[in-house]
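Chain nomenclature is as follows: A, B and C, assigned in order of appearance, with residue numbering initiated at 1 for each chain independently.
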Amino acid sequence: MTDISSSNALENPMEPGAQPRLLRILTILTVLGFAATLILGLFVAGTDIQQGEVQRIFYIHMPSFFGAFTAFGATVVGGILYLARRSETWDQIALAGVEVGLAFALINLLTGAVWARPIWNTWWTWDPRLTSAAIMCLTYAAYLMLRAGIEDPNRRRAFMSVYGIFAFVSVLITLFIIRIVPETIHPVIVGASPQNAQGGFEATSGVVLALVPSLLLWLTLMPITLIWHRVRLEIRLEALSLQKIRALNE
Amino acid sequence: MKTSFAAAVLAIAGKDLRAELRSREVLMAMALFALLSVLVFSFALELDRAARGEAISGVLWVTLIFASILGFNRSMANEQDAGNFDALRLAPISRSAIFVGKLVGNCCFTLCVGLALLPLMTVLYGLNLLDGWVLLTTLLGVGGFSTIGTLLATMTAQTRAREALLPIALLPVALPFLLTAVRATKGVLGGEPQSEWQVWLQLLAGIGLIYFVLCMLLFEFVAEE
Amino acid sequence: MNTTLRLALLLALLSGAIVSSQDDENKLAYFQTAAFNAPVLSGWEDQSRDQVAQFQQPAAAATIRTALADADGPIAAAEAELSSWLGVEVGQPVYQGKVNLADGTWSVLIYDIDATSTASIMTRRAEGQFVVISFLERDPAARTVMLAVARDEAAREDAGAEVAYAVAALNAADFSALDAGAVVELPSGEWATYSRERQLAMGMVFGNDSFIALQEGEIGDLETLADAWNRTLLGFFVTPDNRIYLALGLFVVFVILGTLVFSFRWRARGIQKDLALLDELARVDE
């Protein structure tokens, strides 16, 4: 995290294309890693004979939630550090975390719906975990709406840091709701499934082989790389709006 | 010279309550909304005898939280419009005292509505809601979402869209209170053994405490000049 | 140093997973084909090949076989299967019925092929073909029949009524002459038994259906046979073809990630344009 902020502070924000070396390496690693985990999930892991090919969606479905977890976690960390240090970069990281996390949470939600169609025979059901995942998406959509509604930049940064911290509650609820409200049909792959879970499968080592790399990728490389790119964009956007204000005042 | 924390809290809460006693506009709006909501729910959900037991705690809490949003919005907008809030910020009192003061005021309004709602729903739905445990749940639940509601209302009062943004911002983060309070109320009303629903009350109190501490810490940043 | 250590640990974990994933393949108790999965019967001689799952119990001269047949009806499917397997033309089935199991409607057909062999067949349509599960017994000393019955709502609690029906339908004996015996606990469930000197009937209630096994002549190991037949029927399943949903899921993933990256690009391009405009304005002002 500190790496990101310091390297951003050093580079000239208005000069496009001047990507730091580390970011370029990270980007390449992310793309390669994504391709590799796709190959592992689609071709190396065996077909689940009960569920059929659609079970392979799981290798993206679950990791994408943890990707969102990392990204929204970055929002919390960015928020706390912004409030403590008042450095814009932390707020930019928080905002980037929301955008990237929201994309990942949508992937999580929609891949789940696509999987549920053949397995549960419905795109959507009002299961506690599905509902809380949808509310999580709405919480961060609310973050972006609220952010757009605050004009004063300093006030915006402070308010959104506070909201970003509270919004994480929805992530925690989604993660732990199976323990709180046990009457869910959502399967738990690691640990014991709830009694009425439908569509679970055993975490055999073939599953682990495809899942672990994907989980690591979505947990670290994917959100970090995307957040970094988004932070660079935000730096340039903010610089541009400053320049616009200056041009108007002249 | 600094006013003591308790004195500042009492002064701010007292000011809100006195203003409300004179104008009665917020409380009337909230009470009327809650009454309408309960009636509309009974039509919309076609609450027959069997469905009532299941749905009534949901109706109670959804009504309460929407009524409270009405109150939070008005109470913060009043501060903002008259320039009161700037004066409060200048006053030699701690920010957290302002927060607790506003919280106590907001909490009182919503609790009034809640306390009026319980006997009303008891009469309308023929289910006894005047139970000590339901009262305790109401107290904890209302207190819980009033903390985060007060904080967020302070924020949204300073934005362009104001009233429109508060429910959007509040509902998702107040969800833990809604979830646990509904469960606890349902358990009590359903006549389940205490061991079944006690955990919900404990969760409700625990989450309330965490939110209260967080809000106290973070209010400072929301009430900056 | 630390990173290397972590990488090494990760590699060890992965290679461990690869090695043990090969163990898993061996542990799978299913004979898999592209069209269906049939449970492997342990203790039976495995004669499966290609697209046919076939298990034999030499002691009882019994074979359980799952295969696909091209036909336009259940009787034609059963005839096609028996002629391609045994090379015999069979006459009319001695029993015909239907049951609804979780995966569809199955036809139940029983053929007395010759003096020594009897085939009990369950078949259902599957993607333009028929899945045929056969129980064939060629024991000259006994006649063994397996069938599933779904008849009477009142009889669903108790297999006896359906056993009586099955016994009557197959002309095996007079059911009233059978004595109710002990309830036998098998891996597939609780079976009620009815017997007399040279006859044994077993029945198990399963949901809306009853599974019945009958043996006449020299009473052999009917329990094992009935249990294996049941395991085959209830364990049989077709892996659903839902590649289209996998493709849709991947499409969704790429669309969302693509939209995110594209929006980054789009906003970056907007910045370029605005900067150019600002430059131009500055020049005009000068």
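Everything below uses one rule, namely that contacts are C-beta pairs under 8 Å (C-beta built on N, C-alpha and C of every residue); 3 or more make two chains touch, one makes a residue touch a chain.
Values in this document were obtained by computation on a predicted structure and should not be read as measured data.
Participant: For chain A and chain B, which third chains touch each of them?
Facilitator: Neighbours common to chain A and chain B are absent.
Participant: So which chain ends up in the middle if you average the CA atoms?
Facilitator: Chain A is the most central one.
Participant: What is the distance, in whole Å, between the centres of chain A and chain B, each centre taken as the mean of its C-alpha atoms?
Facilitator: Centre separation, chain A to chain B: 32 Å.
Participant: Find the geometric centre of each of chain B and chain C from their Cα atoms only, then give the gap between the two centres in Å, rounded to an integer.
Facilitator: The computed centroid separation for chain B versus chain C comes out at 56 Å.
Participant: On a C-alpha centroid basis, what's the spacing between chain A and chain C, in Å?
Facilitator: 40
Participant: Quick check: in the complex, which residue numbers of chain C touch chain A?
Facilitator: Against chain A, the touching part of chain C is residues 10, 13-14, 16-18, 20-21, 23-25, 28, 30, 32, 37, 237, 239-243, 245-246, 248-250, 252-253, 256-257, 259-261, 264, 267-268, 271-272, 274-275, 278, 281-282, 285.
Participant: Which chain A residues qualify as touching chain C in the complex?
Facilitator: For chain A paired with chain C, touching residues are 14, 16, 46-47, 49-54, 56-57, 60-61, 64, 99-100, 103, 106-107, 110-111, 114-115, 117-118, 204-206, 208-209, 212-213, 216, 226, 229-230, 233, 236-237, 240, 243-244, 247, 250.
Participant: Which of the residues in chain A come into contact with chain B in the complex?
Facilitator: Those in contact with chain B are residues 83, 132, 135-136, 138-139, 142, 145-146, 149-151, 154-155, 158-159, 161-163, 165-167, 169-170, 173, 180-181.
Participant: Which stretch or stretches of chain B touch chain A in the complex?
Facilitator: Residues in contact with chain A: 148, 151-152, 155-156, 158-161, 165, 168-169, 172-173, 175-176, 179, 203, 214, 218, 221-222, 224.
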